[in-house]
Amino acid sequence: MKIPSSIWTLLIGIVLTLASLWYGQNHGLLPAAATDEAVLVDGLFNTMMIVSTGIFLLVEGILIYSAFKYRRRAGDNEDGPPVEGNVPLEILWTAIPAIIVIGISVYSFDVYNEIGGFDPHAIHQAPMNQESMKMSGHGSAMAATLSDTPPSTEPNLNQEKSDEAMQDPATAEVRNADQIPQLRNAPGVGSVAPTIGASPDKAGKPAQLQVNVTGLQYAWIFTYPETGITTGEMHVPIGREVEINMTANDVIHAFWVPEFRLKQDAIPGRQSNIRFTPKKAGDYVLICAELCGPYHGAMRAPVVVEPEEAFDKWVQEQLVASKETLNQAIAVNPADLSPNEFLAPYTKDMGIQPEMLHQVHH
Amino acid sequence: MGHWALGMGYGALGMGHCFLLPPLRPSASPASPASPAFPTPPLPHSPYTLKFMQSQIIDPAKTELNHHHAAEVSVGHHEEHPDHRLFGLYVFLIAEGMIFMGLFGAYLAFRATLPVWPPAGTPELELLLPGVNTINLISSSFVMHKADTAIKKNDARGARIWLAITAVMGATFLVGQVYEYTHLEFGLTTNLFASSFYVLTGFHGLHVTIGVLAIVAVLWRSRLPGHYSNEKHFGIEAAEIYWHFVDVIWIILFGLLYLL
Amino acid sequence: MTQAQLQETANIPALLDEPGIRKWQDFFGFQTDHKVIGIQYLVTSFIFYCIGGVMADLVRTELRTPEVDFVTPEVYNSLFTLHATIMIFLWIVPTGAGFANYLIPLMIGAKDMAFPRLNAVAFWMIPPAGVLLIASLAVGDAPDAGWTSYPPLSLVTGQVGQGIWIMSVLLLGTSSILGSINFLVTLLKMRIPSMDIHKMPLFCWAMFATSSLVLVSTPVLAAGLILLSFDLIAGTTFFNPTGGGDPVVYQHMFWFYSHPAVYIMILPFFGAISEIIPIHSRKPIFGYKAIAYSSLAISFLGLIVWAHHMFTSGIPGWLRMFFMITTMIIAVPTGIKIFSWLATMWGGKIQLNSAMLFAIGFVGTFVIGGISGVMLAAVPFDIHVHDTYFVVAHLHYVLFGGSVLGIFAAIYHWFPKMTGRMINEFWGKVHFALTIVGLNMTFLPMHKLGLMGMNRRIAQYDPKFTTLNEICTYGSYILAISTFPFIINAIWSWLYGEKAGNNPWRALTLEWMTTSPPAIENFDQTPVLATGPYDYGLERANEGVPLSDPNPILSAGPNSVLRAEPDPAVAANPEDRK
């Protein structure tokens, strides 16, 4: 009994759908999801994989099927049927992709919102206190003294954030904010400090842990404000929301931890921010994801996500270590030392080589 | 360096402009393998071939062509083909406009992202000389238009006078620019505003220079009587359109740099 | 009479019956014949393809192992920078212009382009620019900041190399603009009178869309590079943060061109595929108007998607969403094309020759790149895979699987017309098999590499990626090997292949109504359209045709908009001669 083609089509459609549904969720293509944000992104990817697998199987299937079924038979030199179009079919294959892409867009918008992409506070977060105004860099000071035009009254949030970060002495050691003026954010012309802010449920509250990250050719340096910790290996605790404030000292770098699914450019002259909440313990790697020179491939740093107790213990160890070296170094007159030598006792236990610091200060 | 390359490009375009000749038909005939491979231009003794850029309607029947069918030449056989050069110029000016749009966009972006604009220490730009220059340039567009109107009424002599005046006005504009440059208190690398100022006005000035040279070239060609007439005046019209373009760009530039 | 016979018979008066034979020296000089210029473009850019391919294989050889053990890191950065710059500006973009040059006047019934000398000038800018770029390796300072050349890196690394790169790209961009002026004016003003816009072959629609894009977007790149060169040489700080400049502005200017550039690189070959598939399936193109308008839609939308290359760079959230949506939308006209091509093949009488195999390969491979592209449009996902091997996989599927397979399909398809000889089919199929295997072996694993955490533009990587990288490297060697059968086949067939005749594919578009190679002036008289360009099978229009609409607006049947009004002078049907 010959099976009608419509039944074949139905069966193929069912098989295709099942295969897509299965593969889209079992593709094994992504690494572990180590933050809350990563879980959301993975959900989006799985959905896109399901749709993609379906489309792929459909198109390739029709292609290969046609190539065989509709081959020219030997000796047949006639033309085929003069089919030039079919309006309902064309409407269908315009509408269905349109609906699919609209659906993916809406889902993406939702995920982007959930991970904090629209957090308004991310852009307007810097505290407007007296100290940060005094510490403003080149622009406003010189403007007040030299030029006829009054200084801009719009807050320069990059400048404020930079100043705030530089109030931490450890961060001030590794950044060269005095050499690079901080640009204003100008959303209207599409140039701002890239930012992923707080998730909507955490919006408006400062993050529980702040880490300042500085990218330079070719290393990442992490400083924990108010603790004096400077390290080449980032530790973060599970369950506490972390805020990374980052900038670059020389060229554009990018902060990327694959398991976090978060990436942001670190641009000299801007302060980028990411907020995320780690959820899975493990040893990961922070990778530089923007070409920064010949040793771009070597620019990586370990990232450790650990339970609260382990994290607190690590912090204590770092503080103790820095105190010990501090005690040892007190007898030395800092003025006799070059910046590298001066910093060496503080940094040798923390995985930072003197050469790296040399680059910071060149 | 970028300017150099662009200059080459414009030079190339200028060359191309000169080469938009009456038909460059390959004279190689399939029937005579010995004929030259390179399409030689029509021989000089034809009165229609010495005068470049003059033809609106190019009549191939009057030029040396495909020998193969020489015996069958008829008006229907080699139909006249219209002159697309003016349309080509308009298309080219779209591209030119986009370069300036790119530069203007960058300028606006810098204006928005610098903490203080203009950067500290930038003196205010004086408006008198540039203002006069602007009036000069805008008026020169009207003068240029008079040249075009004249030639369309077959008044070649009148056209030449108006062209000459336009060239002088254009040259005066350039002199004014140079004067302004030499009396400004900031240099190319003083700050971002200064750099933008020089690059934008300089790039525009380069285009004005090309425009003035084009007018001079047209004047030069017009010295032969009958070269331009109410029927064939592509050169004058092209120079006019280009001049208007340069003028419009200046108006935008002046607004952005001096007024905003 | 078959449709092809109809068209040919009607065009006998326009036929110059002796093929245009040229001396080999013609191809090395300043020629204004669009056919010579077309071949000059094609051969020159193919040579640059081979050079760019060598660079690719050197890159892949380094990447066979996780350590940096083949070249120094500085040289490695130059290799991938030059590889990309050459492939984009010296291979794919000029090849599109080459086909456009060769085919447009023939397809629209004109004798040459609107501005033949400008045409030659545009071509002759390419060899010096290419030689300059490659010479940078010889002078020891090659550009090494990536083909994107982002400041501040491009300002601090190698001034000479970077200057060479800027100069070369400015020249190549100018060449592209000059070519596109010619194409636009020719297409708009020089079609034969009976060819209105809806009887124009789809390749011409595609070139119209491409040329518009080139005209509008390339100058903005030029502006950006001018500013960059001032920073590099004159000490200005447009993009230099130490002087208050903004590197993100460079990115906007760069991508304003470079995104349309990818459509400039694919649209001509979309057009070519729209020509090739109907002929070798013996069926009309399905959905002519949809394909024509979708080219325009892609061209227009292509101008408003550029910042999807900058999702992590510093654009505000709402702008990220805007660019995500426009990028997603552009999938719709592209999908329309893919489905239309499939529908063209469906029910046809497919001849699986080399041209058609490459065309089928094009559709199958490009769709993979298109799918990964839609994924990349989703901002949260792009944040994870931006600047990783996932993007490298995507771009090679659309550029190699798309443009390059399309180029080969076009070469095999129009080889008889250009050379007067048939190309050897057996070696064409060998070429196809090696290419398809090599291409998938090289680029498919890169999707996983990127997702799992391998970033781009690195000479050393985490050892856990070694196996996949080895597969990619061996795939790239297969691709290198695959070029040899093609080169030998093309040269041998050009010299000794079987003579082709005017219309070996029994096609209907006007380039097949002249000799092979075409006579120097293309046509003796104005050619005519006795049939529309895709009216295959219409001699049997009265028989019941599946899938055809009884009351078509866009589609099948005797009322098809594709059918030319019969020209009374030459109409086949005596009824139409009144």
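We just call them A, B and C in the order they show up, numbering each chain from 1.
The criterion applied here is as follows: contacts are C-beta pairs under 8 Å (C-beta built on N, C-alpha and C of every residue); 3 or more make two chains touch, one makes a residue touch a chain.
Nothing here was measured: the structure is a model prediction, and the numbers come from that model.
Engineer: Would you mind telling me which chain pair, A-B or B-C, is linked by more contacting C-beta pairs?
Structural biologist: Top pair by contacting C-beta pairs is B-C.
Engineer: Measuring from the mean of all protein Cα atoms shown, which chain centre lies nearest?
Structural biologist: Nearest to the common C-alpha centre lies chain C.
Engineer: Rounded to the nearest whole Å, what is the centre-to-centre distance of chain B and chain C, using the mean of the C-alpha atoms as each centre?
Structural biologist: Distance between chain centres, rounded to whole Å: 32 Å.
Engineer: Please compute the C-alpha centroid of chain A, do the same for chain B, then give the distance between them in whole Å.
Structural biologist: 49
Engineer: On chain B, where are the residues touching two or more other chains?
Structural biologist: Residues 105, 109, 113-115, 119 of chain B each touch two or more of the other chains.
Engineer: Mind pulling the chain A residues that touch 2 or more other chains?
Structural biologist: Correct list: 181, 183, 185, 189-191.
Engineer: Can you tell me which residues of chain C touch two or more of the remaining chains?
Structural biologist: Counting only residues that touch two or more other chains, chain C contributes 244, 246, 249, 252.
Engineer: Which stretch or stretches of chain B touch chain C in the complex?
Structural biologist: Where chain B meets chain C, its residues are 1-6, 8-9, 12-13, 15-16, 19-21, 24-26, 28, 30-31, 33, 37-39, 66, 68-69, 77, 79, 81-82, 84-85, 87-88, 91-92, 94-103, 105-106, 109-110, 113-115, 119, 188-189, 191-192, 195-196, 199, 203.
Engineer: If we count contacts the way the header does, which residues on chain B are in touch with chain A in the complex?
Structural biologist: 105, 108-109, 112-122, 124
Engineer: In their complex, what parts of chain A are in touch with chain B?
Structural biologist: That would be residues 138-140, 142-143, 146-149, 151-152, 156, 159, 181-186, 188-191 of chain A.
Engineer: State the interface residues of chain A toward chain C in the complex, per the touch definition above.
Structural biologist: My answer: residues 29-31, 40-41, 44-45, 48, 52, 55-56, 59-60, 62-64, 66-67, 70-73, 76, 78-87, 89-90, 93-94, 97-98, 101-102, 104-105, 107-109, 111-112, 115, 117-118, 123, 179-181, 183, 185, 187, 189-196, 250-252, 254, 256, 258-259, 261-265, 267-270, 272, 285, 287-298.
Engineer: Any idea which chain C residues touch chain A in the complex?
Structural biologist: 2-3, 68, 72-74, 76-77, 144-146, 150, 152-153, 156-157, 241-242, 244, 246-249, 252, 281-290, 307, 312-321, 324-325, 328-329, 331-332, 335-336, 338-340, 342-343, 345-352, 360, 363-364, 367-368, 371-372, 374-375, 377-381, 383-384, 386-388, 447-448, 451-453, 455-462, 534-541, 545-549, 552-557, 560, 562
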